[in-house]
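In the two complexes below, chain A is the common chain; its partner is chain B in one and chain C in the other.
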Partner chain A sequence: MNIYTGKFAGLDTTIHRWEPRAKFIGLMILIFSFSFINSLMLLPVMILISTLIFIASKLPFSFLLRRLSIPSFFVIAMGIFLIFFSKGTIMFKLGPLALKREGITAMILITVRFFCILTIIVTLFETTPFLTIIKVMNSLGIPSILTDMIMFTYRYIFLVIENLLNMQMAMRLRGFRNRNLKDIVCLSSLVGSLFIRSYEQSERIYYAMVLRGYEQSENIKEEYQFKKIDIVFTIAVVMIAVGMVSIQIYFNLGRV
Partner chain B sequence: MKKNEAILEISELTFGYENNNAIINNLTLNILANERIGVIGPNGTGKTTLFLLITGVKKPISGKIVLYGKEVIQGKFRPEIGMVFQDPNDQLFCPSVYDDVAFGPINMRLSRDDIEKRVKESLKKLGIYKFKDKPPHHLSGGQKRLAAIAGVLAMNSKIVIYDEPTSNLDIRYRRKLINFMKNSNQEAMLIASHDLEFILEVCNRVILMDEGKIIADGDPKEIMSNEELMETHGLEKPHSLTFHASPHRHTLLLKNS
Partner chain C sequence: MHVTDGILPIAVCAGGYAISGLASWYSLKKINEKKEPKKGIPKASLGTAAFLAASLIYIPVPPTSVHLLLIGLMGILLEYYAFPAILISLLFQAIMFQHGGLTTLGVNAVIMGLPAMLCHYIYKHTKRFTKNSNFMNGIIGFSIGAIGVIISVLLFYIVITSFIPAHLDVETEKKAVYTLTIAYIPLAFIEGIFTSLLLIYLKKVKPEMLEGY
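After this line comes the complex of A and B, so read on.
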């Protein structure tokens, strides 16, 4: 399982060259505007924008598919639930199950929004080194305690998974097969042991940090230099986002 | 600093947890410049605890630690002293090697140029500059150890403590570490290790600890060749100091041929 981001951060494209802070702000605004959309007419625009941004980043399509594969299951499951169990006009009936018009609309909206937002997130995190994103968040005023927590989770999650896999292997090598309910006790002690190990390690990490001056100085704010192209690009993206939200509001008012 | 003047003075140091026996028991120790001190002793004897006390991470119950004339206060950052932890994963917490090595210098509020210079120098000194952009989890055990040392080196610490530096190292990285330590210009080193051959090669003074006390303090060869002393405290005389009544097998083979 590869949970690390920034694998393609070394490529040289317009999206990669886009100044990190401007990129973070621009794409975040775009993501929020996407989440605001609930008109079917605006969905093609959303798909077009996210596709263009993704193509411009030159990330492999197979990579995007891999990243989307696991969350897709949840969205599809939720979509099926919405089609059959939401209230509204019945379009088709099959025994106790009834296909609802409103359910289909909601499913399309949620699915498209979800895939577009995730595509933008993948593009943002894969075209920018993770540490740069952390520094950008810091420079935008997000408290360092929060960014430190994100950084440590990112750094140590792999180690925790490795520990877990080693412990599972050790259990299997001593005959553990997880066949009946009694084996849950073993699994719970495995999780408990993992927690204790992680806790003890976090204490040692903290010591190592204190010894190298953590808590002694303020975080150094990164200096970013905007080029004209960065400003133009960001303004363009923000205008698209604002435009979509405005059209959506217009539609909403029209409906009233 | 005058010659033979202690750079680190530990006097009557005691530490322990509630309802437990003292882990460090009334320990007194002076460290002079140019000393490479090997700290040996069985597991659970208080070596790591002593290091955490010296560096000001833990607070002693009683006693005093004076570093370069100033008392060590718990939690106060003293870049003059650095510590390399037993498990490099505890120390390498940043997403890239470069950022991790730069962590100390940044907290020392150095200028950007100085930070970059120090990081470059320490990574190059240890021969791991090419790994600067790698995340620590992509490094091998030996590379991780060197990256952890680079993090301390970048702080220009005068006294460096190494906790089990050779554990999990292959022969090549062990030799690399020995060469680095022998040629290092750090003012003093404290090295806890079960690798007694390594201690013999690197250190010019040895402290044998047991149950939180110093049992013996002196010349490494003298202390480690004392079989009775070593065995009493759960240690073994190093092979290189053992008298061979019969020659090694390969010598016999050579003679026969």
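After this line comes the complex of A and C, so read on.
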């Protein structure tokens, strides 16, 4: 299964060493500034920045491609739809279909924005241990109920998936073949059993946690130390983000 | 049915985050009114994990197969934890599977979370009719399962058709929305049947799960 593993979080690069709070804030601002860009002229800047950040993280390129493969399908499908079904100037005709200039512009914008944003997201989450990200969210004021839920979900999701795979294997060994719509009855019992198992397990976990003082525990805050380089790095990234947005607004670019 | 990064303008993404913030605030307020607010966290988290896992199950609809959204079921089982649970599920899907996105997390949470909250309220006000009656459980489960999908689909298409950057041809847009909405009717039907079967199963095997967290 092609999922987040955090196996590259242990590397030692500038991006990995970047103070987690500063990295989280800086890269999130960058991601949102990317989604603001509507001008084709600013796309090379976006590509350059995403590429530089990705190269600096030393994550394998093949890994990024694997992560991009499935969602790319939807974005490319949407892009093709936009090319043919937008309103605007016809560039040339392909039988009953007409290629529109505005559609092509929209497709390029959406595709590039998507790839740049996803590259930054993959870099952010693969260069920072997940628990650290939760601590960062908590220290930025996200309520502890939410961060606790994120932490527990992360802790148990692999266990629940393993439970599900075991139960599915047990069903197959007993002759179940998921081929017809009538199999929905067995599948509903499978999901029901999965929920019941999780529910019972959660009760045991809760009481075990209370015995270890969970009700008294407060936020999972952790002290982080800012270094000069972290501040410089964050300011640089934020300046780039603000710069791109300002250029677009000031020069009135981005009319698609 | 996730909106991916890069498609929506930033104002819409910000709007999605604002509505999600309000819905989360309301849910957390209701959770904090409980006697032991933290007691539900492990259950809601395991429930979230189970929902994420259950979305990996495919229902065969020859010649293809569909995966379940389980929005209605989340509303029934997780109550006020449903919206935070959906927000967290979407966060995990964006990080782990690259489904959806971080900039569109708020919008996606609105599309799926608000129907889940509605389903919770529908179940809360109708569950008194379900006592010991498989038939009534089935009817209510079907309605909630189908309503969850239908409202989500409607919200999704409103967002997509209103806010994508290029102005699509109006006629084509109407046709596309119409076709895609019709394509989701079988899913709403299947989800309704699945939710009703599950509700009957849970009522029989573990009724306390339906009594709330």
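Operating definition for what follows: the second predicted complex is superposed on the first by the 244 of 256 C-alpha atoms of A that agree within 3 Å, B and C clash if a C-alpha of one lies under 4 Å from a C-alpha of the other, contacts with A are read in each partner's own complex, and residues count from 1 in each chain.
One rule holds in what follows: a residue touches a chain if its C-beta (ideal position, glycine included) is under 8 Å from a C-beta of that chain, and two chains touch if they have at least 3 such contacts.
Since this is a predicted model, take the numbers as computed values, not measurements.
Visitor: Per the contact definition in the header, classify A:214: touching chain B only (first), chain C only (second), both, or neither.
Guide: Touch partners of A:214: chain B and chain C.
Visitor: With the two structures laid over each other on chain A, which partner does A:226 touch: chain B (first), chain C (second), both, or neither?
Guide: Neither partner.
Visitor: Going by the contact rule set out at the top, does A:63 touch chain B (first), chain C (second), both, or neither?
Guide: neither
Visitor: Applying the document's definition of touch, where does A:71 land relative to chain B and chain C: first, second, both, or neither?
Guide: Touch status of A:71: second partner only.
Visitor: Under the stated touch criterion, name the partner, chain B or chain C, that contacts more residues in chain A.
Guide: After superposition, C is the partner touching more of chain A.
Visitor: Touch test for A:250: chain B only (first), chain C only (second), both, or neither?
Guide: A:250 contacts neither chain B nor chain C.
Visitor: Which of the two partners, first being chain B and second being chain C, lies in contact with A:152: first, second, both, or neither?
Guide: both
Visitor: For A:131 in the superposed arrangement: first (chain B), second (chain C), both or neither?
Guide: The answer is first: A:131 touches chain B but not chain C.
Visitor: Quick check on the output: what are the common chain A residues between the chain B footprint and the chain C footprint?
Guide: Residues 4, 151-152, 154-156, 159, 201, 205, 209, 214-215, which sit in both footprints.
Visitor: Please name which positions on chain B make contact with chain A in the complex.
Guide: Against chain A, chain B makes touches at 52, 55, 57, 75, 77, 79, 82-83, 85, 87, 89-91, 93-96, 99, 103-104, 106-109, 135-137, 151-152, 155.
Visitor: Which chain A residues qualify as touching chain C in the complex?
Guide: Checking each residue of chain A against chain C gives 2-4, 28, 31-32, 34-36, 38, 67-68, 70-71, 74-75, 78, 81-82, 85-88, 100, 102-103, 105-106, 109-118, 121-122, 125, 143, 145-146, 148-157, 159-161, 163-164, 178-181, 183-185, 187-192, 194-196, 198-199, 201-203, 205-206, 209, 214-215, 256.
Visitor: Which residues of chain A touch chain B once you look at their complex with the stated criterion?
Guide: Residue positions touching the partner: 4, 129-131, 134, 151-152, 154-156, 158-159, 201, 204-205, 207-217, 220.
Visitor: Residue numbers of chain C touching chain A in their complex, please.
Guide: Residues 4-10, 13, 24, 28, 31-32, 36-39, 41-50, 52-54, 56-62, 70, 77, 81, 84-85, 87-89, 91-92, 94-99, 101-103, 164-170, 172-173, 176, 190, 193-194, 197-198, 201-202, 205-206, 209.
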